[in-house]
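Mind looking over this structure? Questions follow.
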Amino acid sequence: VSRDHHPESSRVRVNGVVFGSDRAPVIIAGPCAVESRDQILDVAMRVADAGARMLRGGAFKPRTSPYSFQGLGERGLELLAEARERTGLRIVTEVVAPDDVELVAGYADMLQVGARNMQNFRLLQAVGERSTAVLLKRGLMSNIDEWLGAAEYVVAAGNPRVVLCERGIRTFETATRNTLDVSSIPVLRDRSHLPVIADPSHAAGRREWVPALSRAALAAGADGLVIEVHPDPENALSDGRQSLDLEGFRDLVVELRDIAGALGRPLADRPETSEADGLARRSASR
Amino acid sequence: VSRDHHPESSRVRVNGVVFGSDRAPVIIAGPCAVESRDQILDVAMRVADAGARMLRGGAFKPRTSPYSFQGLGERGLELLAEARERTGLRIVTEVVAPDDVELVAGYADMLQVGARNMQNFRLLQAVGERSTAVLLKRGLMSNIDEWLGAAEYVVAAGNPRVVLCERGIRTFETATRNTLDVSSIPVLRDRSHLPVIADPSHAAGRREWVPALSRAALAAGADGLVIEVHPDPENALSDGRQSLDLEGFRDLVVELRDIAGALGRPLADRPETSEADGLARRSASR
Amino acid sequence: VSRDHHPESSRVRVNGVVFGSDRAPVIIAGPCAVESRDQILDVAMRVADAGARMLRGGAFKPRTSPYSFQGLGERGLELLAEARERTGLRIVTEVVAPDDVELVAGYADMLQVGARNMQNFRLLQAVGERSTAVLLKRGLMSNIDEWLGAAEYVVAAGNPRVVLCERGIRTFETATRNTLDVSSIPVLRDRSHLPVIADPSHAAGRREWVPALSRAALAAGADGLVIEVHPDPENALSDGRQSLDLEGFRDLVVELRDIAGALGRPLADRPETSEADGLARRSASR
Amino acid sequence: VSRDHHPESSRVRVNGVVFGSDRAPVIIAGPCAVESRDQILDVAMRVADAGARMLRGGAFKPRTSPYSFQGLGERGLELLAEARERTGLRIVTEVVAPDDVELVAGYADMLQVGARNMQNFRLLQAVGERSTAVLLKRGLMSNIDEWLGAAEYVVAAGNPRVVLCERGIRTFETATRNTLDVSSIPVLRDRSHLPVIADPSHAAGRREWVPALSRAALAAGADGLVIEVHPDPENALSDGRQSLDLEGFRDLVVELRDIAGALGRPLADRPETSEADGLARRSASR
């Protein structure tokens, strides 16, 4: 994954959506967890209208306590696929164990390896043995070299389609949930040819700071953003405090369009309906 | 795992070796990785003579880079079992994936969940569904609440036999590999009824500091220590720099005996041969 | 300094340059240390041409080792004042001890309290007893509450003219010199009415990452930036590795103009010559 | 201060009390702040009886907020001197500004440079220009090299009588006030010839964990301990939560005697009364 051996920046294609340093930044939005059919379809249509290209939503949730909500499992994946059919949004969702990779890849366009699993080497191996694109989040405790080492596990196993995602590191500062290491974006740009995006929601932990961090990450050169959006954040089953509501997301995308334009990388529009339909059909037939 | 619901300290028994706050501290020693039959049998006999009660050694190694030595796998487990037969030492070794739990538990007396997997919840679930004792290492950047949350996953799945292991956290200080959070020992003693031990070798990263950290952890109240020992540290395949040689380990145990005595918790002697034989037979017949 | 007691954002005026959330971001540039007359006059004229409004440069340098270059002292202050006369740039320079405050304030338009002195309470008291504006850098390991506590010392002593400066915190990540905590900008915006700027140079530690961090800080809402610029970074007496050269700074300002425009806060132009002359006279007569 | 240039360990003598690696560990005890004559005399007599050799107590308090209790100033110093006359305990107290050094050194046997001032280079210079012994606490944010750099400032200014004091560093773990970096003790033993002691009270932040950390620091090789003791911790003006009461301190010293004995460095007894009287006279006549 080092730029030493691959000087040109890679592009990673996710069924028509392209991540890469000279391309439009990709906005990924959606709730922390898929909670119900109404919730996910509502949020999918609304974020697609606002300018998102991909939908996020957890079906398998790794939680600090065994007594917290753990996700809807396969039912959640089915709902994500239905949302894709209706909106054309591509789907990224987390996979937490090697045995689940095949199941999740049957529904998702992109597999997320979460921060807590960044050094779950068996899982990295398992997603590396497929061709589905991978979103590799940075571990809370991982330095940049270890993160690139984790990406190397995926690539070495045969899958070069890796996008890195900065999501904040753990520091002594507790005002924010984690500290968004915005510097990692230019550092990775120097060291690796892989695309890098940012997740300002998990870093901030509070929705009021998400817009500023989103703008900052984009200005630092991120190839995309993952933003938590929930139709009713106060009643979310997880992470409500850091989720934008639908109006907040819409307003943010307007700001991001201006900045992306000033950076010479205008935001992508939503996919054409025909393209979305084609994708939905293809994906349904897998 | 909270002391609120279980005021008395738990004891965790590992085929005759007992971890618990009023019992003798347990010394676990051995190499980072099982490298060969000669290496593991030699080190096992020598650490048993010096006063260790359990043998550590990795057969499945999680490594930062996919190109580093990854361990001998099942062959390593067989060698550990042979070392147990010869010495009576109980075996603790790491398991890195849910699918491996049955295999590893077929050889080991205690299953280690490593620092990088502390929040691999599927793995915690899998070791929680067995009765084999679990050594749960602290994540490099996990706080004490998250660590207890991970222990709760194991216990909630049905296995109460969990021993916690402090192994250093990641901080800004780079003189040591990690920073041994010796405070976690009394904090855990307050908050949890589970035994807690320490791994000074991974924290220090340099063998010359291992004795001081071993003494410190014991004096802070640790119920045991895990110490890396290698017959020829300069030529170890991994972690040589932090491994004591056999003589260094022997000298350290002498120091630890004095401190443990002063603390009113004299070190346990090695198991009786007959006990060891019995164990070996039992374990061979599994 | 809390917004609870002062809901409106403060503006801090520094002899015609204004810091405040609805005003143009202020670019401060210059070398780490004043090294010679040629160096400081050259860099002052060049950064003024490129769009800086203030000049930075250390005359008293706090250094980790007593054997490193400690600055030119009062001679450095005289050179800064001469640079102001020639360019109209206002001067900010560090003061490291209470006894020096009067001396430094005789030359400078703004007094910098450095990261290592953020909790040097006597120094805070001393700068608080004057009317000269204060640039209060965040300690490398100070949380936001402690930083605001330090600002409170200055304000409580009678001087409300405080500008906060995020300059990176110390974390486990060593790729960068420090980790720019870009989140502190929106957090401070919520909690305090004081202006906040950022110093991307000290955070990055490497010049190639300074532009990305500068853009990020501006996009996050910073009221200004402090950027190290040296005419010959390779031969700088301190911090050369993180200093932009003159061309690099000029290019960066062009990028920042675009982003500031997109954010609705276009960059300020340089002060009029007449204004600069008036200032130089006033300051010379103090 | 490097062992490279001075291979033998230094001893630092403080009017009859000796710090050094082959000498008995020195117990320093006392309240965070001198609050009243009754308080300081009471605590001094009681900690002397229990086995302390030196008395700590702040007269000038650096506090995070300007609205907190800032100490009794010179009146506090007078009370400390009176306590010395009555008990023979040597006095260590903090000095927070260069201008105060002469005043404080007129009363104290040892000058403490606090954690927040570890890189207040003017203060280091000022204490370096006197012959009074210096207790140099580690900055919360300072790595070992920077700490030794600060010690070098004192020694380079002419004063070789420096004792280092580990007091915990700032990490992500918030269960304790700071994280006692017990590893710094053996690391410093390798790198420097200066004595090193530990302050478990500030690290722990809670009195119930102070005994375990005290034992750990001693076992790691500390040349002494600084322990906060208050006759009525619940009503202390500062840091009450981390102060032992008098009985708790007495019990702890009993434990420490056992460990120090096991380490081959039995605790020092209190100074003879005649020695104390001589000291008091000498100090009064300065």
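Chains here go by letter, A, B, C and D, matching the order in which they are written, and residues are numbered from 1 within each.
As a working rule, contacts are C-beta pairs under 8 Å (C-beta built on N, C-alpha and C of every residue); 3 or more make two chains touch, one makes a residue touch a chain.
Please read these numbers as outputs of a predicted model, since none were measured by experiment.
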*Using mean Cα positions as chain centres, tell me which chain lies farthest from chain C.*
B
*Counting C-beta pairs in contact, does B-C beat B-D or the other way around?*
B-D
*Matching A-C on over half of contact pairs, by residue number: which of C-D, A-D or B-D?*
B-D
*If you average the Cα atoms of chain B and of chain C to get two centres, how far apart are those centres in Å?*
51
_Measuring centre to centre with CA averages, how many angstrom lie between chain B and chain D?_
36
*If you look at chain C, which of its residues touch at least two other chains?*
141, 145, 170-172, 174
*Considering the complex alone, what residue numbers of chain D touch chain C?*
62-67, 96-99, 116-117, 119-122, 139-141, 145-146, 149, 152-153, 156-157, 170
_Under the stated contact criterion, what part of chain C meets chain B in this complex?_
141, 170-172, 174
_Could you list, by residue number, the parts of chain D that touch chain B in their complex?_
141, 143-145, 169, 171-176, 179-187, 189-190, 203-204, 208-209, 211-213, 215-221, 258-259, 261-263
